Structures are given as C-alpha cells and as structure tokens.
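Letters are used for the chains, namely A, B and C, taken in the order the chains are written, and counting of residues starts over at 1 for each.
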Amino acid sequence: MSAGADKKRYLGRSLGPRAWMCVLSGVVVLHFLPWFWPSVIHTMIMIFLFAIMGQGWNVLSGYAGQFSFGHSLFFGMGAYTSSLLYIKGGLTPWLGLPVAMALSALVGVFVGFLSFRYELKGPFFALIMLAFAEIFHIIAMGWEWVGGARGILIPLQGDVWTLMQFTSKRPFYFLSLWLTVGSLYLVWKMEGTRMGLYFQAAREDQDAAEALGVNSFRYRQIAMAISAAMTAAGGTVYAQYLLYIDPDTTFGVLNSVEIMLRPIIGGPGTVLGPLLGSLVLTPLSEVTRIALQAYSGAYLMFYGAILVAVIIFLPDGLMGLVQGAANRLRGRKS
Amino acid sequence: MNTSFIFQSLINGLLIGGVYSLVAIGLNMIFGVMKIVNFAHGSLMMVGMYVCYWAVRLAGIDPYLSILLTVPLLFVLGAVLQRFLINPIINAPEHNQLLLTLGVSLFLENLAVFLWSPDYRVLQTGYAQINFYFGDISISLVRVLAFLISMVGTVLLYLLLTKSDLGKAIRAASEQPVGAMIVGINVRRIYVASFGIGAACAGVAGAAVAPFFPVYPTVGGLFVITAFVVVVLGGMGSFIGAFFGGLIIGVAESMGAVFLPAAMKSLVSFVIFILILLFKPSGLFGGKS
Amino acid sequence: MSDVTRKTGQTRREFLKTVAVAGGAVAVGGLGFPAVLRANPKEILIGQIHPLSGFLAFDGQELSDGFKLAVDEINAAGGIKSLDGAKLKVLTGDSEGKPQVAIREVERLYEAGAVAIVGCYQSAVTLVATQIAEKLKVPFVVSVAVADSVTERGFKYTFRVQPNALQMSRDTVRYLSELIKASKSGAQTIAYLHDDTDFGSSLSSHVTKFAPEYGLKVIEDVPYSPRAADVTTEVGKIKAAGADIVMDTGYFGDGVRVYKTMRDVRLKAQAIVGCGNGAFSHPKFIEELGGITENILDGNYKANPLSAMTKKAFQHYKEVYGREMGASTVFAYIAPYVIADALERAGTADRAALRDALANTNITEHILPQGPIVFDENGQNKNASAAMMQIQGGEIKVVWPKEYAEAGPVFPVPELA
C-alpha cells in the first residue's frame, strides 16, 4: 500500500459496476476455452486455483491489512481435511469441501485470537502466521495417521462425479472457474459493504478507527475466517485434481509465497488483483520452466526479481497501473 | 535413553547454538539499526557456504582460511543490497520491506539453483574425519571449530560496536536517526555499512558450517527461520539476547530431537517462538518492544 | 488415445481433416489400404522419469545412464524386428525427486507419444506416477521402487521387475538369520535406522514383522529425513539401543552420511546390515568413504554375478561411462529389454496391446539371480529375489545364498566389535 494521496483510491471500490460487467463477459468467453485451446487447460486450472487462494489472502492482508506469511496453513487444512475425510470416512469431497472450509476458518480464528488479542502487528503477525504454518507442516510430516512424509495418495476411482474425480480435466476447469468467479463476486460485494469499509479503516489507521467505534479485533477475526475458508476451498479442489498431497506441497513455506505473490503483484486490496497476478505469474512459471529446462525451480528467480521490482516501483501492483490508466482515460486526476 | 547420549546431544546443541548466535546477531544488527526484517539473511548465509565450497574445490584453499574471502564478499553484497534495493523503500510500510527482502531471498536462492544446480554438495575435508572421544561421547572437530569461529566473530563484532567510531555511529543512528543526522552522521551510509556487517556475519556462519553441513541452495531457509526465533527470543535489537538466544535454541532443538521423532525436532523452536511472541514479545533481554 | 503417429502441435482442425481424408480413402480403397494406414513407425518412443536433479540427482543420473545404455544396445542389435526394425527413442523426464513434478512429467511424456514409461526410483514418486499412468492407460515399467503398494492397487498398467518390499525384507531377514546360525554368534536383537519415506518405512515395517519368524527382534526403530543434513541424534538413538545388529535403509546420499556418522560415534554391533540400501551396494560408496566400508552387509537386489550376460552388460557400462554399474542401475537397464521383448510379441506400438504383451512376459535369458521374469496379476515379478552382499577388499561381493555367492561371508564383523 502506498502512502499519501493514493490511499484514497483503494478505500471503497476498486471495481465499478460497469467494470464488473466487463469481467463477467470475459468469464463467458472463458467457458469456450476448453474446446478452442485444450492444451492450456491445466495451466488455467492452476491459475484459477491460485487466484482463489490469493483472493483469500487478499481479504485478510490486502483489505484488512494483516499481512500473513503463512497462508499455506489454510491451503494445507483444506487439502488434508477433505482428503482425510474421504480416505478415512468415505465422505465425498463435495461435502468435505464445506467441512474443510469451516475447519480452516476455525483454525484461522484460533490463530487470530492469539495474535490480535496480543496486538501483534506488521512483521510480527506475518511471522507468527509463518510459525503456525510451519508447525502444521512439521506435524503433518511426523504424524503417521495423516500420511506422514509420504503424504496422501487418493485412490483412483476413474470418472465418479459424486466423488469429485474425473478422467477429463474439463470438469475441474469449470469447477475452478466458477469458484474463482464466486470469490471475485464475494470480494466485490464486500468492498461496498460496511464490513469491507471497516476492514480498510482498521488497516489504514487502527487507532482512528477504534476511536470511531470500529471493533477492529472483531472485524479482523471475520476477515481471517473468510480468508481461511476461501484459501481452504482452493486446497480441496487442488487435492482432488492432483489426487496426491504431501506436507511440503501443501503446508510448505513456498506455497505461502506462491499464494501471496499473486495479489501482491496484481494489486493488494483490489477485487481483480489476485486474478491478474495469477494470470501473469502462473504462465510465467510454466514458460520459464520449459525454457530453463534443467532446473525448473529456478523460475522462482524471476518471481523474486518481479517481487522486488513491484515493491520498489509499483507498490499498488498491476491494478495500480490499470487504475492509473483508467483514471487518465477518464480525465480524472489522482 | 542413556545419559551419555543425552549429554552428547546437549554438547552438539551448544556447538550449533553458537553458530545460530552468530547468524542471529547479524540479523539483529539489521533489525536493530534499520528496523528491517531481513528475510534474505538465510540466503546470505547460503552464499557464504558456496563461497567456501568453491574456494576449496576450485582453488584448494583451506575452508577456514576462505573466511578471509567470505567477509569482504558478503559485506559488499549486503552493502549493495541495502544501497540499491532497501534504501529506496526505507520509508515504505513495514510489510513492503519484509516482502522486498523475501523477494531478494527468492532471487538469490534460485540464482544458486540456476548456477549450481539444486544438488547437495558435500565438502570433503580432512578436518571432518577428526573426532575427540571422551568415554562414550564423540565430539567432531569441525563442530568445535564452527563454534569457536562464531564466538570469535561475536566478540569482534561486540568490540566493533562498543569501541570503534563506526560502532558508535551505528548505535547513534539506530537509537536516534534524526539526532544522528543533526550531528553530521550520514545515516544512509551507516545503514549500508550495518547491512554489510550483518551480511558478513551470515557469511562467516555459512563458511563455519560448510565443512559439516551439505551445501545446497535452500539451506538458508533452515537457518533464517531459526535466526528469527533466536532474535525474537532474545529480544529484537539486543546483542546479548541474540547471543544467549542462539545457545538456548541450539540446545532446545537438540533436546527436542532426543525425545521427539526426527521430523518434529523443529517443533520445539516454533512453539518457543509463538509463546514468546504472545507473552513476552520484547524477548528475554529486550528492553523496548 | 494411443495414436503414436500423431505429432504434437497438430491443431484440432488439421487432425479432423486428416481423419476425414483417411476415412474417405478407406471407404473408397477397400482391401489394399488398411495395410498402408497401419504402416509401422520407424521410431518407438519410450519415456523415463528419474530424479535427475535435486537431492537424489546422483542416483537418478545413474539410472538414466543405464536406461539409455540398454536402449542403445537394443537398437544396435536391430531394434524391434517384428516392427520392421523400428528403433527405440528415449524421452527423458526429470522428477526432481518430487511427486508433483512427476505427475506433470508423466502427462508430458504421454502427450509426446511415449508408448511406455519407466521410472521413478523413489517409492513415493512412483506411486503417484503409476497412478497417473493408469489413468492415462500408459504401460509403466517400474525401474526402481520398493514399496509393496506400487503393485497392490489392482492396476493393469503397472509392472515391476525388482523385488518388492515384502520379498526384499523377507529375503534379507532370512539370509541374516542363516548367517547368524552359521556363525553361531547368538545375535537376537536389531536396531533399525531408516528414511521416513515409503522406501524406508515399508522395508522396516516388514522386517519388524518377519524378524520373529527367524528368531530375531527389532527393538528400536528410528526414522530420519533423507534430506536432513545432520543425523547425529538419530544415530545416537540407535547406538543407545545397544542391539546386536544394526540395520539401515536409505538412498545413496543419506546412506553415506548415516554410515559415516555411525563410524564417527563408534557404533558397536555384530554387523551393520543394509536392507535395500542405496549406498551400501554401490561402488561410489566405497570410493567416498574408503576403508571404513569394509565388511558392510546389504540385503539388496543385484545382478547375477555368475552369469556371462551380466559380465557383458557391466563391461559395456564401464566402457561407455567409465564407472561401475550400481545395483539400482541394473533395473533401469533391464526395463527397456522387458519392453522390447513385449513389443516384439505385440507386433504393434499400440499401448493396450503392449500392456497385454507385458502381462504375458516370460523371459528366461536375463541377468538377475532368479528364475524366469514372469509378472503376477498385479504386475509384480513373481520370482524376484534379493541377495546378501558384503564389501570385501574394496569390492562388493555376493556372499549369500550360496548358489549365487562369489565369496564367503565375514560374520560377525570384527571392525565393529
């Protein structure tokens, strides 16, 4: 978030009703993608899943201003909860999904209770989220019942829609597309409500907000719950799509980084930020992975460079650029 | 569970704790002076490890002598990072600074992957073969040396901060940046120097452990998290705190490994971390929070 | 779709056009045309997925080398004769030691047209890769992976030549008990150190289960992370257990670290015995640690040292790569031969037909210390067996069972007393 006059730009709406219509028409077009461009389906699914999780992060960190370095905690909660419920209890992931979201929200509220009650701010909050994510990571690694270091391999059932398993990628494409649209809509609506304004007020100036009667503790917890649930949803679909999860890919620190980079690059505190960031970063990682061939992890080098560049030159992310251009088009001065 | 085994673990914990202290002191300098949470600290240590590794492999230099190379190289690296990347955002919100150092660490780690592959590299030295035996307990020479080097580094840094002009300027700039500027101290330049010193500490710690720790691009990740735990435990900004915190965490981790299954030993550090953050955020030795 | 002749990058429209033309030609042509349409491919693509980078890069590279050597040998001998001498072409995938990456690699190789895939060295990675291969209906011949579950899921497309965990651990415990009986050393207890992945855990849990049948008992079981840099505490726990025999399972890199640590802390036992250990039966292990490796035992898969075919294969490997073929590499080397044998019998590069041919495999001329290579209904090599090796005079020798032994065993091991 930049200081000074630009602050006002992101209080309230980042996306007007007309812009929202444009987004929706884009979504309609996306429905035809699997038939015109089938080779990018996997990439698109990844883009959507990370957009959803990034949006979750965005609610807590972009809007409510509590920067979390440990969102992999909720991703892992989502992935493990639904998978364990299925493997141990035979519960279909369709039902496992809301349970995972609820459980994740509960964990979030617990962490939030500890952190916000003790007034942890800024880097301390970021680090405590990281610590909790790592604790869950370590427990998942060491606890045999949840698979330990081997993780969980969800048995292949073939095409069983009731168990959220499909041999084709298309159902996952549409599922993740709709969840993304849902998350965008939720945040878009939230922006305009009082709750959304309270989030942003608590972010910008906690003392002033409290003086005006905003219970920042309560709103932070609400933001945390929404954030955790949204990210967990992405985790569940991810687990069903790949049919394999392990502690590293779910609770790992790298995952937290991947999740939060999208809204940061795209524009924190905006509706489209996470999706925009995902549209840029996910294909970038795929392309560099193929180009660099030898060590596909090295695409993170570019992530690092981009992150540094964005922080220094574009603290409002890509949406900042877009907003600036839109304002200039409308002849408005910022 | 016999006593000699526990004693052995205690000693090993203390020895590695010394290294943690040095890493944490470097991190602490950066935080104490500039209030920057340096996520890239682990990758700086990793660079130090690779410098040592290549010095030995390519030039046949003794790993401990390579520290003479590591110190200036890492100092310059740290100084450059501060001057060109961090100084510009010195007034940005804290989380942006955190994100920037995260970006730097991502970049450095994966640059290492790109240049030197993610493979684990093991430094084969004669030193690694030597062990001291006291009854049932064996202590490896390289760990003792790592501890000694860390202690020397700590003492030198302490002397620098308390006795030298630079040290006094650093302390002034950290306590009262505006006042320091008024008396003519170039605060920006002090920041650059401080970051350089902090980086050099990480580099020396890296060179100290390279003889017995595998060298690979993401090795820094282990140490940076531990360093944060130490700094928070000891109290952000407290030199003494970082020193003792390192030893405490080293022992706590080692004891954790004795009683808990292998994968869970870092749990101890994290639980300590969370408890301190919640109940005594200023740390054991920290004055102001 | 098992259309091997489809090139990547063809758009849907072009494809439809091709099908339309071909369909029309068949309709008009009549009898003569089908033979032309089914023209045999000059090249058959087989894929391999191994950890070519990451913490198991050393192991993965070796397997890849063995795999490629076998393919070259098969091509040099004339390729697949029933397919007009079609040559095998290698498509290489790098799992980086991670299951998620392997998933992508399986899909990539499938889309590139591989008729069969070989891999993956790690049990965890192989479990995941074979599941994807089963979904895509691509025959998967496991090079190295020991976990039983790889061939216990009722999959039709997974085949494994190496012994599974059950076979390997039962053989190891049996051989160990025979060595103890022959030497009258009276050993009864075992302390087992192993990596915490599927690899180590499956072997150790089987050994624990089989031990009582042979008069032995596992009294301490300590897992460690193969990626951990420091294993002193875990080794310390093993030492503190004071068992008669110490067993160890791990990959190459961690196997070296663990053993060195064991000697550094002056671990005492009648013998240190590996089970499926990636280091103990590897020549590079001796290179790296030197004399302290003398008399280490390892119950592991191995090529039959007494067969002429084996000697020829090992010699060829040494000529090309300048180093000895390791025991794991043997199985990456065998895989293409098994696939080539199946292709010959199938007479087509169609994946489903290849799968059926693989299921009916019966190879008697091979380099393993066992009867014919025959797969059971789950794809596991029925006759797979392990052997007990010992490092003697700086060389790895099979010392048990007697019919494949090159030298007599040294037991108990004097250096560890």
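The rule is simple: a contact is a pair of C-beta atoms (placed from the backbone, for glycine too) under 8 Å apart; a residue touches a chain by one contact, two chains touch by 3 or more.
Not measured: the values here are computed from a predicted model.
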Graph class of chain-chain contacts, one of line, ring, star, complete, other: complete
Chain at maximum distance from chain B, centres defined as averaged CA atoms: C
Rounded Å distance between chain A and chain C, as computed from the means of their C-alpha atoms: 40
Rounded Å distance between chain A and chain B, as computed from the means of their C-alpha atoms: 32
Residue numbers of chain C (touch at least two other chains): 53, 96, 196, 225
Interface hub residues of chain A, defined as touching at least two other chains: 141, 148-149, 294-295, 297
Junction residues of chain B - those touching two or more other chains: 117-118, 261-263
Contact footprint of chain B on chain A as seen in their complex: 1-3, 61, 67, 69, 114-115, 118, 120, 122-124, 126-128, 130-132, 134-135, 138-139, 141-142, 148-149, 253, 257, 264, 292, 294-295, 297-301, 303-308, 311-312, 315
Contacting residues of chain B [partner chain A, same complex]: 37, 85, 88-89, 91-96, 98-100, 102-111, 113-114, 117-118, 221, 225, 228, 232, 260-264, 266-267, 270-271, 273-274, 277-279, 281
Parts of chain C lying in touch with chain A, wherever the complex brings them together: 12, 53, 94, 96, 98-101, 103, 107, 124, 127-128, 131, 134-135, 153, 196-198, 201, 225
Chain A - residues contacting chain C, complex: 38, 42, 141, 148-151, 153, 155-156, 158, 167, 242-244, 246, 248-249, 294-297
For the chain C and chain B complex, residues of the former touching the latter: 53-55, 57-58, 96, 196, 222-225, 228-230, 232-234, 236-237, 239-240, 253, 257, 264-266, 288
